[in-house]
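Some structures to go through are shown next.
Okay, so chain A shows up in both of these, paired with chain B first and chain C after.
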Partner chain A sequence: MTERLHPVSMMIFFLFTIILPAFTGNPCFYLLSFLMGLIMLFNTLPSRTVARSLTLYIVLPVLIACFNSLFYHDGSTILFYLNGMRITFEAFAYGMSSGLMVNSVLIWCRLLSHYFTGDKIMYLFGTFSPKTALIISMVLRFVPMYREHIDAYRNTQKLLGIYGEGTLFERIRGEFKIFGGFLSWLLEHSMTTSDSMTARGYGAARRRAFKLFSFKSFDTVICIIVLLSAGFNIYCIITGVFRTEFYPMIIFPPLSLNGFIAGIMFITVSALPTAADIIYRIKCRKTYE
Partner chain B sequence: MNNILEVKNLSFHYDEYDIHTGSVTEGKKCLNNISFSIPAGSFVTLCGSTGSGKSTLLKLLKRDVITAGKTIGDIYLNGTNIKELDAAAISSAVGLLFQNPEDQIVTDKVWHEIAFGLENLGLSQAEMESRLAESLAFFRLEGISRNDTAALSGGQKQLVSLASVLAMYPGLLLLDEPTSQLDPEACEHYISTIKKLQSSLGLTVIIAEHNLDKLLPVSDMLMVMENGELLCCDTVDNALTILSKTDSGAKSDLPLPTRYGISINASSLPLDINQGRKLLMSNKDMHIFGTASSLKVAVSSPEAASSPKNGLSPEATASSTATASSKPLVKLNNVCFKYSHSGNDVLNDFSASFDAGCCYAILGCNASGKSTLLKLLSGSIKPQLGRITPKPGSIKIAYMPQDTDNMFIAETIEKELLAVGLKPDCYPEYISHIDRSAAPMDLSGGEKQLLGLAKVSALKPELLLLDEPTKGTDNISRCKMLNALNDLKQSGTAIIMACHDMTFAAECADKCAILSMGRLTGLTDCKTFFTTNRLYTTPTRTMTVGIIDDCYLERDILRK
Partner chain C sequence: MVLVLARLDKRKTNVRRIVLIAVMTALSIVSRFIFAAVPAFKPMAAIIILTGMYLGCEAGFMCGALTAFLSNFYFGQGPWTPFQMVAFGLVGVTAGLLASSLKKRRIVLVIYGIVAGIFYSFFMDIWTMLWAYSGLNLAGYIAAIATAVPYTVLYAASNVVFLLLLERPFGRRLGRIIHKYRI
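What follows is the complex of A and B.
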């Protein structure tokens, strides 16, 4: 179901899951966000692929923690001395916490790049500026084609034995020649492309982008829940519900009802697409049986 | 009958831009005082030799496409002068499609390409959706609607372009050599789709094309252009009568049965093979040439028809004796090749040997592995199993790709040929008519092929590989190419060409074979190949089978 989300609601969802946890400043929230992301990732990609990348998610916080404790020496709990430098528990814990935050951002960004495909990007652009959307689409069409063509060019010239062999200097000269030839080909052929665009009325009227996606009730649900939850979480961040102190010693915020509700809300939002996916899959299975 | 299109005294000059002075002058007259009218719902074929002004005329009818030039005269679309129409109205009322499928596709997805014109018109989302759905359904593109345009075949690309134009609901469709880059199969499908548009939707179609074999039988009208002038614009029969009395270059593009009819001064000209056969049947007495040719008119008695053939033609015998004496130039032994691990074998246990001084035509349908075979021989890809002897590096090989554009990298033809060591005073005869200061990219399809041929033959290869040398060419260029290849053969070059054009293969090759199921089936001399085949042979053979024995070349039935 996640891939069926409308680009707008998908963008809102991912903005929420990527940005919000980073602003709480609370390691528990980071961990929660990371775990929710991990669940969604397992639901999205084959488990083997995810398992292979787990190492990164474990090593990264430890590395950051080590670096932080090497360069930052505040904190009241001294673990040991290294070359006369204090290595403190607080600095290590702060590093771990930052590492978790980076993890959480990374994992949600990975999900974003998986779900936010080219056509969705184009849709978003299409609503602001149909011309930009067209340019993106043309880039996606022409850049691979040109690359292919320049390879064909090089291959043909090589087979003719004129360019592409010999000393380094000769080869570089050959490459320039080939590129020059490619450019003249490009100019010649883009004339037809532009004729074809004119012939189909490009620039004749105000352009409007074709919209491939429709806004469904599921999108409305996602948007409302995300916005509500974001509002409440931002309120919590401002009122300092999540505030955690690391220096000189670690002080967690007192357990509060607001913090608890905010956490539940985050879990609900981030689990929503996964839940929808699972329900959808069960329904599909029933159809196939 | 009401005319959808009326053209009155239309003349056109392109602007000529002088690079040195920067001044714009009036160039050569491209169209000269053209007047015609087209009734709504007609299927019009526009023919004429290269450079006769076909493309210019079509572009002018569309307006807005040609910007640099001077137009005199008026064009009326449904009674309104097109100068008075606004840009959006003309872009939807008249559809224009071009030759190269690759160039006219603008976006990356099929659905987006079809929606492109609708987006330009600024239609509402609901209307765009319904028109997109309509077009996908009509052209049966539903299955590929979400595909990348880059992954489509040439035929599919042309259909997508057509669908994109049709989604804008044009009343007049202008097509500029739309099938010249397609293989025969895709070409036939494309023409039948166009015909369906005309006959079931009442669309008016004007189609400019060189190869008229499939077009003429479905056309209502024929327009012939010659040097910027309109020779005739009339019903097919009347236009052919006019055309047959002139010596226009367009005559050579007519289908074989029609040319046959003209050559014997038939009263009504046949348009397809079947009509041609009937005409040939009633005139078969004219074809007993006796000693001049080995041809004999078939006698209807069964034992005579099955009697041994009159022996091989002199050329074929000569080449077969040559093969017996000399060692083959290239030999392939059980070669296997596939493009991906899970894919099918493109070549499967392929064995063949090719001799010097001999021309081979490899026929076969699309994706049968013809291009792959040439690439293997050229050494650009290596066989995964089997052996090619000698190794591609040890003999001089030249390869001419399907897309000859890839061969040209210089600004002028002179520099292009100088790169292969060919000085202006020793240019081969077949490119002497081309202006040598022109840019290679500006040439017509046929001229590009000839220039490419000049370039590869200047390298004096022992083995020349040609991939579809006749693609997008007109008959005049084909004739020139034929002579050039014969000269090369005389000098001892082995030529292997992948080809769809049977007529050309029959004229040019010594030996022919079909590449099928990854193997070369029945490599034999041309005469045996084309006279024994019934389904896959030259139009001449299909027209004469059972009427004249052993006849497969056009010159055997056409009189000069």
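What follows is the complex of A and C.
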């Protein structure tokens, strides 16, 4: 279900989940966002891949915390002295909290790059800048083509015995020869491409791109819920519901109804695609049984 | 960014120019693949500088920004993408502005390569600082620059090496194409 979302609603969803937690300034919210992202990641990627990257998500906050406590010496709770520098608990906690924020943004970005595939980018760009969309689509085509072409070129040269053996210097020279030949081909080829584009009528008249996606009811639901919850969360951020102080002492904001509602709203939004996926899977299984 | 894109769209650009921009962008992405094993030592910036030099400011910007944006689809998209896009875009634009002097003297090219490498590294350090401290913070910025020194050196060195190696074959071939097809 999630991969069939309309690009606009998907963009809104990911903007919300990536940017909003970072602005709350509250470690609990970071943790919440990170966990929700992790759940969605487990739902999208094979669990072994996710489990392998878990180490990074654990090591990163600790690293940032150590780094921060080495450079920052504010805070009232002194843990120990290192070369005469104060290492404080507050600086360490602040580092941990920023590490969690980094984690949450990283995990949502990873999901974004998984779901936001080339066709969706093309769609979004195509609506406001067709030329950029054209360039992007050409690049996405050229990259694999060039890699293949370079390999073919190299193999030919090797087979002919022109280069490939010899000292390191000779091999590097060979690589540059290949690159030069490749470059000549590349530029001539680009001219051929552009001529063929002109011949087929590019730029002859106003054209529109074929619309691949349609705005379905699920998109409407996602958009409305995301916008509502974003509005409420921004209100909470402005009124300081989440504000946490780290220096000189850690002061958590008092538990409030607003903060609670904002948390629940965030959970609802970030769980929506996963829930839709799971419901969809159950439905599919039922039809087959 | 959006403004530049909008401007590009309004103007009637040559089809060949558009294709050349796409080709150069694809080339710099491929070059990132070839050197994927070596961290920070990449010919990307050199190719973007050459594009800016020979095809003009706009092409340099497009090539830089799109290289960062699209290559991150292969290497991992993240909050650093916009920063990379702006940094590479600015490197390309400046190369386009300095085109005539860059083409004339190789020493200027070398100096520009070094400056571009340092600029890119410092620009990305702004990102590191904003990221780690979630706000402006001078001490954090200096710490980020200090930890990134080996990368800065590598960026600058790779720029110089690749600019020197690629400038002549590139210049000759691109110049020939531009002359032959009147772009």
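Please note the rule applied: the second predicted complex is superposed on the first by the 243 of 289 C-alpha atoms of A that agree within 3 Å, B and C clash if a C-alpha of one lies under 4 Å from a C-alpha of the other, contacts with A are read in each partner's own complex, and residues count from 1 in each chain.
Quick note on the criterion: a residue touches a chain if its C-beta (ideal position, glycine included) is under 8 Å from a C-beta of that chain, and two chains touch if they have at least 3 such contacts.
Quick caveat: nothing in here was measured; it's all calculated off a predicted structure.
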| Which holds for A:V105: it touches chain B only (first), chain C only (second), both, or neither? | second
| request: Return first, second, both or neither, reflecting whether A:K131 touches chain B, chain C, both chains, or no partner chain. | output: second
| request: Could you tell me if A:Q157 is touching chain B, chain C, both of them or neither one (first, second, both, neither)? | output: first
| So, A:G180: does it touch chain B (first), chain C (second), both, or neither? | both
| said: Looking at A:A199 after the superposition, I want to know if it touches chain B, chain C, both of them or none. Which is it: first, second, both, neither? | reply: first
| field | Touching partner for A:M85 - first (chain B), second (chain C), both, neither | value | neither
| task | May I ask you to decide whether A:F210 touches chain B, chain C, both, or neither, giving the answer as first, second, both or neither? | result | first
| said: Taking the stated contact definition, name every residue in chain A that is touched by chain B in one complex and by chain C in the other, in rising order. | reply: 118, 130, 134, 138, 140, 180, 184, 187-190, 193, 197-198, 202-203
| remark: The residues of chain A that touch chain C in their complex are 18, 22, 25, 64, 67-68, 71, 98, 101-102, 105-106, 109-110, 112-113, 116, 118, 128-132, 134-136, 138-140, 142-143, 146-147, 150, 176, 179-180, 183-184, 186-191, 193-194, 197-198, 202-203
| field | Residues of chain A that touch chain B when the two form their complex | value | 118-119, 130, 134, 137-138, 140-141, 144-145, 149, 152-153, 155-163, 177-178, 180-182, 184-185, 187-190, 192-193, 195-212
| note | Note: in the complex, chain B contacts chain A through residues 59, 62, 64-65, 86-88, 90-92, 95-100, 102-109, 111-112, 115-125, 128-129, 132, 149-150, 161, 164-165, 168, 378-380, 397-399, 401, 403, 405-411, 419-420, 439, 441-442, 455-456, 459
| field | chain C residues touching chain A - in the complex, by the definition given at the top | value | 2, 5-6, 8-9, 13, 15-16, 18-23, 25-27, 29-30, 33-34, 62, 66, 70, 72-74, 76-79, 131-134, 139-140, 143, 165, 169-170, 173-174, 177, 181
